[in-house]
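Heads up, the next two complexes both have subunit A, just with different partners, subunit B and then subunit C.
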Partner chain A sequence: MKELRARAGEALANGAIDVLLCWRTEPETGRVKPHVFRKGDDLEQMVFDDRCVHNLVTFLPEVAGHNKKTGAVLKGCDGRALVTLLAEKRLKRDNLYLVTVACDGVKVDGRTAAKCADCVTNVSPVADVVIGEKKTMKPAEYKQLEYIEEMKPEERWQFFAQQFERCARCYSCRQVCPMCYCETCIAEQVGPAWIDPSTKLSANTMWQLSRAYHLAGRCADCGECERACPERIPLRLLNAAMQKAVKDLFHVVPGTDPDVQPPLSVLAQDDPDSLLEGKR
Partner chain B sequence: MREEPKILGLLCKWCSYAGADLAGTSRFAYPPNVQIVQVPCSGRIDPVMIFRAFTEGYDGVLVSGCHPGDCHYGTGNYFARRKLAVARRLLETVGISPDRMYFTWVSAAEGRKFSAVCSEFTERLKQLGGTEKTAAREAVSR
Partner chain C sequence: MPWKKLAKSDLPAFLAELSTRAELIVPQEKSGKVRFLPFDAAQPVNFPSSLVDVSLKSVFFPKRRPVATFDPADRTKLEPAAPETSPRILLGAHPCDVAAVNYVDRVFIHSSFKDPLYEAERNRTTIIGMACSEMKPECHCTDRDLSPDDERGMDAVFYETSDAYLFRALNDKGAAILKSSLLKETSEEPQKKDWPGGKYPVDPSSLPSADDSLLSPPSSLFQDIADLCLTCGACTFACPTCTCFLISDEQHEGRGERVTAWDSCQFSGYSRMTGGHNPRKTRAARVRNRMLDKFVYTVEKYGATSCVGCGRCAIICPVGRHFPKEIAELSAKAKGR
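Showing the complex of A and B:
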């Protein structure tokens, strides 16, 4: 943390960056929240520990839009989200100053977050400054899906119907997601209104399937959607199903390699036609 | 369960729709279960359309475009191929059998193939229909 404060303080002081997006301990409450630090701010409030669950990349495009040079502190999963946003040209690499801190896992409600068990990188794949040790992590296996894969199709639907039925369509999952940046979300589009805004099961199913599909080949598995969901719908499960499909079919783990484009926006003329059967 | 399955056919304007037209003008018989929607290109098909079909109570979705290399716009079908492959896996995850989706290429000259595809798919859905309670039917009833 000392090194983080020193490096960030230096960059802010000498004008290398205009602002720095980091986590901050709120003095009044002691809670950790995302914060935009400026020159002269109290850097003692800057924090990086297992309470830093929020994905700062969600806020980065907006903050970067208001500043010439934006600094950001990133965990591994934040970095994965950033890699995809850079590939989609949502952000310009030249306008960013990226500090990544080796992450040992974060806690949600006092317990290590479920996503951390499936972590594939403890530091951001893109960074100007790396603080701490980059660890070799196990490759993406999507083990949590085994539970679903063992079920018969009818059982799977029963399971998901129970989950989808609870959805209140608050769209918290969308608001918190760094990948959801459409100005008009398909869920709010009218004429044609593809997704009924009511909370009946068919409409909720439409929303959940569309949300998961739009993350195919992009999701950084930061787990924010699941954390934000007031109904505790296992959204990471659907995301993982998509990422496993993408890994099987296109051999891509999103956000891990800055040189790889999101696979669904790649023109691939030499794909085999067996893809139409969902195989490769 | 109704005896006759209801199928949504999403056909590209340039090849498959013309192929379906040819099947009609050539008097090739095929089951009337397919309700055809013309789309400008298979690349236009958003998987959300397929999800919608299932939540609206269709038993199966037939998607067809130009053969690879023959796309009127050059590349639409290559993107469609990737998107559809992933969408199929998502539906499989939530318990809709992948056999309820039929993705194929039919050119404007393949009227006979179109009629064969429709017959085969309808037959397949009839086989599936009796035993499997579809997610779609349940979703639409609630």
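Showing the complex of A and C:
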């Protein structure tokens, strides 16, 4: 924390960055929440611990959009999201100053977040400053899918129907997701309306499955969709199913390697053709 | 009217009795949250000491509501949905939620566009409110002209004591519901408490008027908040007084249905017009709209502020935004100028 404050303070003081996205303890409420620090702000309020659950990369395009040089503090999962956003040219790397801090896991509702058990990078794969030690993590295994895969198709449908039924279409999942940045979301298109806007089960299912497909090869598993959902729909399961298929087909785990393009946005000679060959 | 006492041990019998007289709605837990649901005798009923997790809004104004049916082959004929008339009892609504329903009445009943389906839901429902026995961390009804034992808008009210519930009818509709052999007249009265206030006070007259806001871009104050707001719909859907909806014609298995569905001013699609122009394209503009709507715009449109101080927005926000604190600060700053 000392080092983080010192490095951030220095960068803000000497004008290397205009603003710094980090977490702050709000004095009046005691809440830990994202904050934009500016030169002269009280950096004692900066915080990095297991309460820093939010993915700050979600806010980067908005904040970097009206500042020349933006600093950001990243956990490992935040960094994986940023890798994909950089590959998709959503942000310019030169305009960012990135500090990553080794993360031991964050807590949701007082318990270690489920995503942390499946974490594949404890620091951001892209950074200017690394504070703490980069660890070798276990590879992505998508073990959280096992109990779903064991279900019969009709049990699986029943399980997800019960989940999707609660969706109020508040779009917290979309808005909190760093990868969801379409100017006009498929759910907001009206001519034609691909997805009915009301909360009937068929439309809710269509919405959640559409979003999952759009995250194939891109989702960093930051778990924010599931955390933000007021109904706690287990959305990570859908994303994990997509990423497992992507790993099987393309041998890519999204966001882990800055030199690898998101597999579904490039066409390569050796792309698998198993679908066309009728093997899957 | 006199106080009546229900022993806690008699609650299941009283609930069973009420449920034979009318459809009964009580706070019950489902999927990890306490919500107002049709009474299920197999589930325990525990009245929260204050604030039910999910607001009362959907009891009168469901998130998806069929308002008419049509034949997709001949879309010129609409068959309006029939209003529901069977009696219904709502037991255990807290003062903030009842105040919110009273505000929503201004929008759907006492405005130029009357909503017959909403009005029918209101008319068929008797509200037996419950006084809160504590204020939770985000509760601030005392800063919104209310209090945890405010009885306005209820047909009857009850207070929880250590071993009983003390009921009192507030009008004839309430008195009819409280006619039960399980309720015994008593000289016992609930103890009134002094409730603290002053956490998040707002002076609406200090805030910019609707005209000011229409003619100027959002100030840096709103931009700073918008930088860290997702503009998702979590707060608007959790809010008991957010009433915006859209209308959608939907078809399924040869049947056409016209429905209303909750909408949110925080969505960019909400303010997008035919032709593509969007007067609230930026996040800052949408953030300003919601903040000022509660204290300025609804006063101009419906004659009342529309925040009841339940604090659900501050509880639900995925990024920890604290709307009550923000608007109180905005008001204090404006007054200081």
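Just so it is clear, the second predicted complex is superposed on the first by the 273 of 280 C-alpha atoms of A that agree within 3 Å, B and C clash if a C-alpha of one lies under 4 Å from a C-alpha of the other, contacts with A are read in each partner's own complex, and residues count from 1 in each chain.
As a convention for this text, a residue touches a chain if its C-beta (ideal position, glycine included) is under 8 Å from a C-beta of that chain, and two chains touch if they have at least 3 such contacts.
Quantities reported herein were computed from a predicted structural model and do not represent experimental measurements.
After alignment on the shared subunit A, the placement of subunit B and subunit C results in a side-by-side fit free of clashes.
When the two structures are aligned on the shared chain, A:Gly217 is found in touch with subunit B, with no touch to subunit C. Remark: in the superposition on chain A the angle formed at subunit A by the CA centres of subunit B and subunit C amounts to 90 degrees, rounded in steps of 10. Once chain A of one complex is fitted onto chain A of the other, the partner contacts of A:Pro34 are limited to subunit C, with no touch recorded for subunit B. Once the two complexes are laid over each other on the shared chain, residue contacts for A:Ser202 go to subunit B and to subunit C alike. Of the two partner chains placed by the overlay, only subunit C lies in contact with A:Thr184; subunit B stays clear of it. In the superposition on chain A, no contact is made by A:Asn122 with either subunit B or subunit C.
Contacts of A:Thr84 after superposition: neither subunit B nor subunit C is touched. Once chain A of one complex is fitted onto chain A of the other, the partner contacts of A:Arg227 are limited to subunit C, with no touch recorded for subunit B. Applying the stated contact rule after C-alpha superposition, one finds that A:Asn239 touches neither subunit B nor subunit C.
Annotation: superposed on chain A, subunit B and subunit C show a minimal Cα-Cα gap of 6 Å. When both complexes are aligned on chain A by C-alpha atoms, subunit A residues 200, 202-203 touch subunit B in the first and subunit C in the second.
Taken together, the subunit A residues at the contact with subunit C in this complex read 26, 28-29, 31-36, 54, 58-59, 62-63, 66, 166, 168-172, 174-176, 184-185, 188, 190, 193, 196-200, 202-203, 224, 227-228, 230-232.
Contact residues of subunit B toward subunit A in the complex are 46-49, 51-52, 55-56, 68-69, 75, 78-79, 81-98, 103-105, 132-133, 135, 138-140, 142. In the complex of the two chains, the subunit C residues touching subunit A come out as 31-33, 63-64, 223-224, 226-228, 230-234, 236-238, 246, 248, 250, 252, 259-264, 267-269, 272, 283, 316, 318-322, 325.
Listed in rising order, the residues of subunit A touching subunit B in the complex are 145, 148, 151, 153-161, 165, 186, 194-195, 200-203, 205-206, 209-210, 212-213, 216-217, 238, 241-242, 244-246, 249-250, 263-269, 271, 273, 275-278.
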